[in-house]
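Next come two complexes built around chain A: one with chain B, the other with chain C.
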Partner chain A sequence: MALGDPSGDRELVIIGGGPAGLAAAIEARRAGVQTTLIEERETLGGQIFKQPPPGFLVKRPAAMGADHQAGRRLIERALASGTEILTDHVVWSVSGGLTNEVGVYEPGASARTLRATTLILATGAYDRPVPFPGWTLPGVLTAGGAQAMVKVQKVLPGRRILMAGSGPLVLAFAVQLHRLGANVVAVLEAAPAPDIRGVAGLLAAAAAGNWGQLREGIRYLAYLRAHGIPLLYGHAIARAEGADEVERAVAVRVDRSWRQLPATERAFDVDTVCVGYGFSPSLEIPRVLGLALGYDEQLGGHVPSHDRDMASSAPGVFVAGAVAGTAGGAAAIEEGRIAGIAAARSLGRLTAAEADERMAAPRRHLSSLQRFRRALDASYPVGAGIHGWAAEDTVVCRCEEVTKGEIRRNILPGSRDPNSVKALTRAGMGLCQGRNCGAQLAAIFSAETGRRLEDLPALSPRLPVKPVPIGLIADPSRTVPTRIQKPSEE
Partner chain B sequence: MRDGGADETDVLIIGAGLVGCASAHYLAQEHVECLVVDRGEMNREGSGTNAGSLHIQLRGPERLYSEEVLREFLPMKAEAARGWAQIETELGCDLGLKLHGGLLIAETDPEFAFVREIVEYERGLGLPAETLSTAELLRIAPHLSPRLKGAAYSAAEGSANTLLVGPAYARSAQRAGARFRTHANVVATERLNGGGFLVTTSGGPIRAKRILNAAGPWASALTRMVGVALPITGRVIQVSVTERREVLLDQLVGHISGGLTLKQTRFGTFMIGGGWPAKVDPATGRSVIDHDSVAGNLGVALRALPALRDVSVVRSWTGVIAHSLDRDGSRLQIFGELPGVPGYYVLAGGTLFTMGPLFARLAAELLTAGTTSFPVTCYHPDRFGTPA
Partner chain C sequence: MSAGERRVDTHGAVMRGSPITIEIDGEAVPTYLGETLAAAMLAAGRRVFRRSPRTGSPRGVYCGIGICYECQMVVDGRTNVRACVTPVRDGMRANTQRGPAEGVSPVPSWR
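Then we have the complex of A and B:
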């Protein structure tokens, strides 16, 4: 369903087809905005409402769980909204200015550039990469990666599993895995056991309309206890060991700021370690657009700054969902709705009064969700010690195989910028372009130079946003704007 | 630093790019006290962002050089090539050097006729080069397109890793006693009675007997502080690099009509440049990648090496390249003592990746012995006239 000229201008381009992007599209279309939504995967729904790939026939949707069904409904509404939806389209470039340009390609097919008056970035987040000795061994998975296996393909990631992480998602996932028949050997929670203040905070937040969430958390705790799965508070993963794959994992006690305490190790015979220490926003596009960023360890580090209408620092560019540091599908949906309404207002499709009226309900719901989130964050504060779990010989940059020691040795005296280490070591120069090592590189740089993490410039944003095959974007018909200079023309 | 007073040095080098770092190295070898300052990080601008091509054949504006200039320039080209062949031994480290020859390809008959003309012209000047037919070209570079008409070949060309060369010189210079101070922006330069300079930087004042301005496109902003403007400017270009692949290309590949430098690095990545212009965001002044330039640049690369079709670009960046604005368009480097400002030397201009190490060596000679082992009169800043 193409709206308008396929090569031409759009009022709104939404990047990302997860809950935030879908909700934004529904609201924008409701206001009559000409809208295009771009999703990299073949299916909509994002990580939370992850749908099976095409070819997987779902006969009994109820068996796929509540998330799947909620996602299905949202997707159906977006599909019916009149939004032009481009799945299996990869954004490789963006540029801002008077009009925003978005370069997309369809793998194996073709590339084109879309121009958009407004942009909503709903690009999501990825599991916070946490380097520790052995983290590159087969058998070490991120919780998100393991969850995708379980949710979509119903495949267990291993036989004997150690869960290591922080926050309620780790509990939820341990329970989910156990229910599917996995042997969860133990759950390591880096935060200390909740004290009375934490519990009181959670209760107060729950009283504000979030009883369901609290009840769910309590149910998970009860489940673990009933099935004899030890939950070790104040413990973190120290290392994974094994010849070619994980054979053993070692846990260690950590203090309140997640610094490892000596002589407190404890080994587990496992074939799988699932690691879930929260998320990091996908910042490639916000960085290339030069959006102002804030720093919040709890939200995974740098996060695009935004106002209550989800407007970023760049005119006409909005952010919503996990890329804005938001946790959970429900909050992402409300932020997406607000961003979609705000974009419609900035396009003149809604008056300020109409927009306010439409934003009222999502704002109320969002503020209640945020209250619970803040209480949770207070119970599970991310400790700065997490940046110090790698050993000297731990590979930090997996693409270019650069160790922590090599990074430390290449910090030039007087340097204020981790980019200079990147240049000397190639850390962050591989296929993932620093997604996995950027934060750790900055943390090592910070520890060595004494400069605060939040003051360090991030690795320079570079196009393409995602690797792009030359054949798709090359234009062999152009010539460089210079002329031939012949000796005979002197 | 003396308490309360200015830091002192014999030679203050402004700019910690390749030229500044290499000059510090050669000066420190001669036990000359030097301090290198930079407004930002080391090796960050053109020195670290250019594509790392080592050009020995005459390129673009160099073909406009007069006979007089060429008499000085050509022996230096040959010496620069000799220098690159030894640089990893000299500095005792891996600089990603790859010296397997360079090609200037032709796609059309008129371009190939021009290749022949260029090669003949260069051979007449004593610069070794040869013309390769399509068959000869494919014998040494079998993955290049069979549609190419041929190429000019120079055995001395190749490439090096721009990210490593400047810092390697800096480390060596530091070992020999040179000092470096980054994030020290020069804001004022005052000539002192009785000689020498007092230089005010954001990192504190510095008293220097002599100054070597190695600030690339910003050189003129600095010489203006002592009353001399130089016609030197910057141009923002962009470079792209791909994922790693098996070895498909040994040589540096350029295009006789411009618009391409292509090489496969020792890491297996392809580095693609050729002077395609970047954009400048009028709002922020930041240089940003120009999509059309990327598409055009990759297009020329694809025409040269069709196997690039399925290779992914992982990173494009912009960089500022300096060049002088000689009235005849020749863009010659600027090297020498500033007219009317004794003790103030300038070394800046274009193609100072290939030629930088040699020029830096000559700068050290000039500052220690007062003479250079190669005649360098054609580069002197007095060619722009002396200030009133």
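Then we have the complex of A and C:
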């Protein structure tokens, strides 16, 4: 093993084995592109199409649900496509330029560097971290984490559950948990009940080929009503309380911009709080590559900018799926297909005309899906108040245990951006690399300095993007180039 | 959390792996091959996975998908192991992780 041994050149490396990555691989291979796909987990499918773990045996696939079957089909097509698939491989570094270098390691095995002419980043997203008092107590889980626990591991995260969040996924998940035997005590929806304009927008979007999605949403509402599970519009989580784990939770009314209204609290006797306020794109690799980012609160904050062919601001680097702010497996698949075709075209494997022809169908489907998404976003806009739910003594940086008050006090008159607070407080320096606190750190900075969130830079990326055992990447035979080293003459 | 079965009845749609036993903080805990250490913990009603280094506060599964590093435990002597992405093995020994609460410098205050 040596970091400097490039184990061969590849035309395309795809990072991420969820719906977007798999669909990209299938299209790239169809065009004859030599393709490698890297997935951190043992199983393919990403979060949406997450498959049962090795060791579990599926007896009746039909009873596993539509997601499982759609995922299974996609995975089988990718496996049969001739793509080199590296599961259980962690990407810890990337660098761009004429060729892209991707540092991967296999836990417990070895590290190596892959060189790729083109890259597709399909690194997904994670639940938007929302700090509120008590959010570090065991028993507070993200909706996505709780769903993985139930759907894949078949273990309930708790007995009496309060769902808090916004959007149709929160409904879907509450119903799913209840069907599996959990006592869902209530569902808090931060947005107000859809008004007539919202309903009209959804109906129009549904008429454009999305009736299935609307019907599903209506079924969830009916299920909650039939089982006496209250759905509280305009309510959000205020805090979770307990000694060593959640023993009760308190909800609070919020206004249209999700600001908490005083004296409207309501306590629930629960042992678990599931929190689902949308997703944040996984940006470690886009940031290290220096991709241009846009800011859209609805998409979880910073999102890599891309054109309609999913090309990022860096030549030869494409993005697809949840990392690009996309919601849902179906849209991720179409974006993955477009990115795979676009990569093939940039490698000269497809002519512009061939690529256009192959992109036509995914583009049509994608634009129909996006229409429904826009209608949903109009009914469930993320309120700016969400950034203000932490109290002074709420731990914002979970890793380094830095409170909101400590962060506020370390925003000095000359502080230029959140990175200066990171340096003073260590907030954002822990193992999670600021994934959990970066957005809140920026929000506190924005509130204190009056600078707009969209104008603040994201926390500077640092390698490794994922913790890596140092023995795996340290190579005593290599000298580390530094800035003071003189260029050697060849 | 109250006692009771936390494993979901899958009505034969999917079968768990072979039943095995692991040791958590010295106690024998039954689990199944294919489960993660986090699933085995939650199924056993255990929700405190570690104590934080600075304040000793309890932490457990938060993101559940391997990105937040909250569910770290000591597994077979290795520290900082994320329970939510670590499959159980027969005879695995896991311990609640207790970080160094002493010797950690406090966050400075500049004003």
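Keep in mind that, in the parts below, the second predicted complex is superposed on the first by the 472 of 490 C-alpha atoms of A that agree within 3 Å, B and C clash if a C-alpha of one lies under 4 Å from a C-alpha of the other, contacts with A are read in each partner's own complex, and residues count from 1 in each chain.
The rule is short, and it goes like this: contacts are C-beta pairs under 8 Å (C-beta built on N, C-alpha and C of every residue); 3 or more make two chains touch, one makes a residue touch a chain.
Small disclaimer: the values here were computed from a predicted structure and weren't measured.
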item: Partner touching more residues of chain A, whether chain B or chain C; value: C
item: Contacts of A:Arg416 with chain B and chain C, given as first, second, both or neither; value: first
item: Partner chain(s) touched by A:Gly181 [first = chain B, second = chain C, both, neither]; value: second
item: Touched partner set for A:Leu424, first chain B, second chain C, both or neither; value: both
item: Chain B versus chain C as contact partner of A:Thr136, first or second or both or neither; value: second
item: Touching partner for A:Ser95 - first (chain B), second (chain C), both, neither; value: first
item: Chain B versus chain C as contact partner of A:Met149, first or second or both or neither; value: second
item: Which superposed partner A:Thr113 touches (first chain B, second chain C, both, neither); value: first
item: Residues of chain A at both interfaces, chain B in one complex, chain C in the other; value: 412, 424, 426, 430-431, 467
item: Of all residues in chain B, those that touch chain A in their complex; value: 41-44, 48, 60-61, 63-64, 114, 117-118, 121, 163-164, 167, 170, 180-183, 242-243, 256-260, 267, 274-277, 281, 283-284, 286, 288-289, 291-292, 294-303, 308-317
item: Chain A partner contacts - residues on chain C that touch it in the complex; value: 1-2, 4, 6-18, 32-36, 38-39, 42-43, 47-49, 52-55, 57-70, 72, 80, 84-85, 87, 107-111
item: Parts of chain A lying in touch with chain B, wherever the complex brings them together; value: 93, 95, 97, 101, 103, 113, 290, 412-417, 419-420, 423-424, 426, 429-431, 433, 460, 462-464, 467-471, 473-482, 484-488, 490
item: Complex contact set, residues of chain A against chain C; value: 40-42, 47, 52-60, 63-64, 126-127, 129, 136-142, 144-146, 148-150, 153-159, 180-181, 244-245, 271-272, 282, 395, 398-402, 406, 409-410, 412, 424-426, 430-432, 435-436, 467
